[in-house]
Amino acid sequence: MAGNTFGKLFTVTTFGESHGIAIGGIIDGCPPGLELCEADLQGDLDRRKPGTSRYTTARREEDEVKILSGVFEGKTTGTSIGLLINNTDQRSNDYSKIKDTFRPGHADYTYQQKYGLRDYRGGGRSSARETAIRVAAGGVAKKYLKQQHGIEIHGYLSQLGPIKVETVDHSVTNTNAFFCPDASKIDALDAYMRDLKKQGDSIGAKVSVVATNMPVGLGEPIFDRLDADLAHAMMGINAVKGVEVGDGFATVEQKGSEHRDALTPEGFASNRSGGVLGGISTGQDLVVHMALKPTSSISVPGETIDIHGKSAEVITKGRHDPCVGIRAVPIAEAMMALVVMDHLLRDRAQNADVHCTTPVIPAQAGPR
Amino acid sequence: MAGNTFGKLFTVTTFGESHGIAIGGIIDGCPPGLELCEADLQGDLDRRKPGTSRYTTARREEDEVKILSGVFEGKTTGTSIGLLINNTDQRSNDYSKIKDTFRPGHADYTYQQKYGLRDYRGGGRSSARETAIRVAAGGVAKKYLKQQHGIEIHGYLSQLGPIKVETVDHSVTNTNAFFCPDASKIDALDAYMRDLKKQGDSIGAKVSVVATNMPVGLGEPIFDRLDADLAHAMMGINAVKGVEVGDGFATVEQKGSEHRDALTPEGFASNRSGGVLGGISTGQDLVVHMALKPTSSISVPGETIDIHGKSAEVITKGRHDPCVGIRAVPIAEAMMALVVMDHLLRDRAQNADVHCTTPVIPAQAGPR
Amino acid sequence: MAGNTFGKLFTVTTFGESHGIAIGGIIDGCPPGLELCEADLQGDLDRRKPGTSRYTTARREEDEVKILSGVFEGKTTGTSIGLLINNTDQRSNDYSKIKDTFRPGHADYTYQQKYGLRDYRGGGRSSARETAIRVAAGGVAKKYLKQQHGIEIHGYLSQLGPIKVETVDHSVTNTNAFFCPDASKIDALDAYMRDLKKQGDSIGAKVSVVATNMPVGLGEPIFDRLDADLAHAMMGINAVKGVEVGDGFATVEQKGSEHRDALTPEGFASNRSGGVLGGISTGQDLVVHMALKPTSSISVPGETIDIHGKSAEVITKGRHDPCVGIRAVPIAEAMMALVVMDHLLRDRAQNADVHCTTPVIPAQAGPR
Amino acid sequence: MAGNTFGKLFTVTTFGESHGIAIGGIIDGCPPGLELCEADLQGDLDRRKPGTSRYTTARREEDEVKILSGVFEGKTTGTSIGLLINNTDQRSNDYSKIKDTFRPGHADYTYQQKYGLRDYRGGGRSSARETAIRVAAGGVAKKYLKQQHGIEIHGYLSQLGPIKVETVDHSVTNTNAFFCPDASKIDALDAYMRDLKKQGDSIGAKVSVVATNMPVGLGEPIFDRLDADLAHAMMGINAVKGVEVGDGFATVEQKGSEHRDALTPEGFASNRSGGVLGGISTGQDLVVHMALKPTSSISVPGETIDIHGKSAEVITKGRHDPCVGIRAVPIAEAMMALVVMDHLLRDRAQNADVHCTTPVIPAQAGPR
């Protein structure tokens, strides 16, 4: 049960390896009547694309997406939407050396053991390239959420190695190669990354995503909670090792009297919950943070074994991101869009009859 | 789509509110031939049960589980297993005051908005009581994993408020009311909790779970990764606000040369990955940490609104845990067992033909 | 993947064997706010119950259903609904003889081979007793469909052995032990069954189910078509060997000019399609027929083998239906209700925004 | 929840309309290590392709399938397999007349009502063209089943209008344009079809599929029974209105003493069950029959309405099959392969530990 489908009502199924003919996917469950064209999706694909700045990998991936079905006369028809991105820049010869050796920190060893064989070119299916389709699919969800419900989703880099963002200004995020929302940190990031490249090493990062204008009531109380599904989505992004909702690990040292967000007729007085209570959205901003490990594709030599179990040394040459966390920003946005979209449809299915007489309080809340 | 089912091949579906007639569940997909009786499940249920110590709620929940089907002559038959626990100690009158008021930090407001009505007695479906069935179902998975594959799962409290565990000795964990694996911290925990009760306040906690003797190859590469499914499982436990696999958020400040676990013919040299690479188990110990927020059921007065949107004050009286994180230990173990079991069956379905010629390296690794 | 769950958005998961402690199930996805109590479900359970007439098995099954959760102050809450029926009349000693022998036409042999063991008492999980929970769950769907959408579902016996029903009057169906909608056939059925009992043999039957007042637009175009899901539901009822929608097998000899139902401003001119075009409901009556094989639990001796593969003779003694098809009527109604309910929620999820400007034409149509 | 995915462990998700850019699909869950190339799939695609004989539509559909992923160095890798077939022969101008009119017997009206809009070119998603991807995906399953388990699947035309096949010789089936397994009927079929074309009318058909060399034990006891899933699969093929397993509707008039297949040490004495008991395969041949309605795309004028609800007359011009049932033969084979494959993996997941001590009896049985 290979698990290449995400979502239950608004589903995305993907295929493709970094060095195959193409990558692609199918969106199923998209409501009909949504105006949609390739240009709606290309913007986020370009944001995700490596080679955009000198800090991300120099590979040129022409992530040009084609919509193959499910759109007629400019509108979605309610049938499945086929997405395709051809692979163009494949230098397979770069990878001949890693064929018989497992790179530490990579999926090489686990793929080999699980399947008995692996497509070793460019990481095969474990390559971040697959996420391009998630970004495209998330773009469809984003457009629907914005247009029908005013929901907006913004991601940003909140920490890179020791450098922590201090202010969040979404208008700054897309003006720099780091998706950094704090203009005062850009020079420091630039210097840090320059230094890192010299070392041939890589660094971890923290990425945050926020959905604003959320409706109340999305998420199921048990198991498929909104926060649980977000955790699944984010932990499923390559290199992610931790996920927080709202105050996350800081709650370990919080007291109950301090943590709870007071409800007032004017709105929630704070947003420590991150917009979820009992697995269900509160209407506050939905706030998720995630930790991304440093990539293991580095030129610092490492100790490993080969496919026969013998000791070996490995150096990953080629074009690699020193911080994969940066490029995760549009991916994390896409995954949040997919989760919110899925739960919007799920809620609609079961609760279309509900007309709650309790007034919805505003989302306004203190900063976080 | 109410989402009360967990898992894809080894599934658990639950029902029941804290103040209804009974809670229960159905396990589907259990392999036949497993010796099973109620006693196999009761031990973990008793560990989870409130009222066991003076630090957890004084409610007496007689969590006596009955197996209603799926077992014949002491062995599982391969058909669905019905589980039932009657609710016995229900003092509904305790809850009359919260009928018209939303407790801050609780699911009251979100349930009301989502469904237009709610069972306000004892939190209804959002009560932690529902987790008893997860613990029972996890017990079945635990038994199978141990007996057929030698896999063992151990949870423990790793932090409570400011008090951090420094050593992990699984033989200590079940000797104290805190599931604390570090004997040197028990007095401090005791003093802290005593003080907290006087304040009428609550505190957050960090809980860890480790699976040992893991096979290589469990987990799917995309979306339904082993780590992603663990994140889903753990974030779905009441009060959990953050989940880490392996080094988790510490990776944000790690370099690639530092993070990657070297492979040697004698085994992995460390376990920073937490036992997962590319979404697939490595054979190392599977290590997950989670943050649990402090419960909002406290006697410190709080600001809120009533169902008409008017300002109100709330004090939660009654019998409540000052630290819900403690009781989460057996629940987290159960959820890990369910995830590992599910992926074991999933892997078996697709990869039964695989006979990998690469030797499996031992799991031995540095501490963490 | 044991498959004990039916439906995707309105799901029913069942457990229980005929000779265990209890049978039960969980409904997930029921909309909140539906008035519901046990009495709503008991009527159909009593219709299904054996021992109601002298033509069905003389076993007394007290199918008294209890609702254990999901209903508060008389209304569904949107959480999962636990259903339980205790097993009371279990004469296990009746079954000692079949322990080591496979009854021809039964599931004995296939269960033994699949699972390596089986609960041989009363057919275990393959007993028709499990269908009681489907009937109860279908009752919830029936109530919702009727109350919110005016949809009604009527089943009836359309043929028993050589005796074919000629007129369908739903008001007659429940006045006789055969669920026969044609008063003129009741005496013939009575005589036929009396004779059959003397022979110790059994007979097949054809059962039909019709949903009236159907909305247009339920069902998905591909794979999960409304007709395909009905076929899955009906073929999943014990003993069913064939399913037809609308004209069914008669279409093999029809010409296109004869088969197509003309659309007129006053409505469809006929209903050969059975209310489904392209997998989607047309608004016409939804019409399904099914064939049920004669039960193999008969006192006529039969040739078989034992669990060691040796020749043996088998005679099924005890209390068995000479025509299991009769009792399938309320089960088939329940399954149709579950399918229609599921697709209603599915359609709502995806197509809530749709406001089609094409007028809906009436369902009126010629008979069939 | 648009339902474009088939299967649970071996899944196929499809996209594409007849007049879009391409159709395609994703196979998920294919075991690794299977030798696979396009040529393995092309044979069945060519059998399905219209324009192969003068009796099927004259459209030239170049069903050339491309495998875009999931295969490396000639073997499946265990990752998802992307399939693509470009649409080449699209004469969109043929369809301008039906834009505003609903063809009786087509999905035009139901799509319009469900989605509020429709791709009217060539039936859009309801076109039989989508089935090409099912055939390709079924080809992968067929290859695995044959190679790993010796299972073979053969379909054939068993009736066309009044002409019934009397003998079944699989070596004859693929030698004629009708997939007729009875050489003595080919002239009659030829004459009948010639006559039908002159009339501008169409005719229904009956198609049968048989799997030989089946293992015992595939299928789940409840809901997801092997027969139920076959019914779902077959009823989901365009134009299918009825499905039978084994003796099907003939069982209505059978007695129990006549219907049950005796078990003997030499094998089953007959195969009235069609190879399924209690939802689980017996090891006998798996036998399914289905009825396909005559297509409504005929040149005989018909009564209908337009999108404004006004009376209209419709004549379908263009290139259409007078008997769509014929081309369903490879589709039905593919669907059976998908169902058997899915249940093989499902059984493996749950029952890998089972070592039944009861001997498996041979499948040999009397004809049917």
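In this document, chain identifiers A, B, C and D correspond to the written order of the chains, with residue numbering beginning at 1 in each.
Keep in mind that, in the parts below, a contact is a pair of C-beta atoms (placed from the backbone, for glycine too) under 8 Å apart; a residue touches a chain by one contact, two chains touch by 3 or more.
A quick map from chain label to UniProt name: A, B, C, D = Chorismate synthase.
All of these numbers come straight from a predicted model, not from anything done at the bench.
Peer 1: By CA centroid distance, what chain is farthest from subunit C (Chorismate synthase)?
Peer 2: A
Peer 1: Does A-D or A-C have more contacting C-beta pairs?
Peer 2: Higher contact count goes to A-D.
Peer 1: Averaging over Cα atoms per chain, report the distance between subunit A (Chorismate synthase) and subunit D (Chorismate synthase) in Å.
Peer 2: Centre separation, subunit A (Chorismate synthase) to subunit D (Chorismate synthase): 39 Å.
Peer 1: What's the distance between the Cα centroids of subunit A (Chorismate synthase) and subunit C (Chorismate synthase), rounded to whole Å?
Peer 2: 45
Peer 1: Hunt down the residues of subunit B (Chorismate synthase) that sit against at least two other chains at once, touch-wise.
Peer 2: Within subunit B (Chorismate synthase), residues 1-5, 8-9, 14, 29-30, 32-33, 78-80, 114-116, 125, 221-222, 345-346, 349-351, 354 contact more than one other chain.
Peer 1: Report the residues of subunit D (Chorismate synthase) in contact with subunit C (Chorismate synthase) in the complex, numbered from low to high.
Peer 2: Where subunit D (Chorismate synthase) meets subunit C (Chorismate synthase), its residues are 1-6, 8-9, 14, 102, 104-107, 109-116, 125-126, 130, 159, 161-162, 201-206, 216-217, 219-225, 227-236, 238, 240-265, 269, 273-274, 277-283, 291-298, 300, 302-305, 307-311, 325, 346-347, 349-351, 354-361.
Peer 1: If we count contacts the way the header does, which residues on subunit C (Chorismate synthase) are in touch with subunit A (Chorismate synthase) in the complex?
Peer 2: Going by the criterion above, the answer is residues 9, 29-33, 78-80, 148, 221-222, 345-346, 348-354.
Peer 1: Going by the contact rule set out above, which residues of subunit C (Chorismate synthase) touch subunit B (Chorismate synthase) in the complex?
Peer 2: Residues 1-5, 8-9, 11, 13-17, 20-26, 28-30, 32-33, 66, 68-70, 72, 75, 77-82, 84, 114-119, 124-125, 345, 349 of subunit C (Chorismate synthase) touch subunit B (Chorismate synthase) in their complex.
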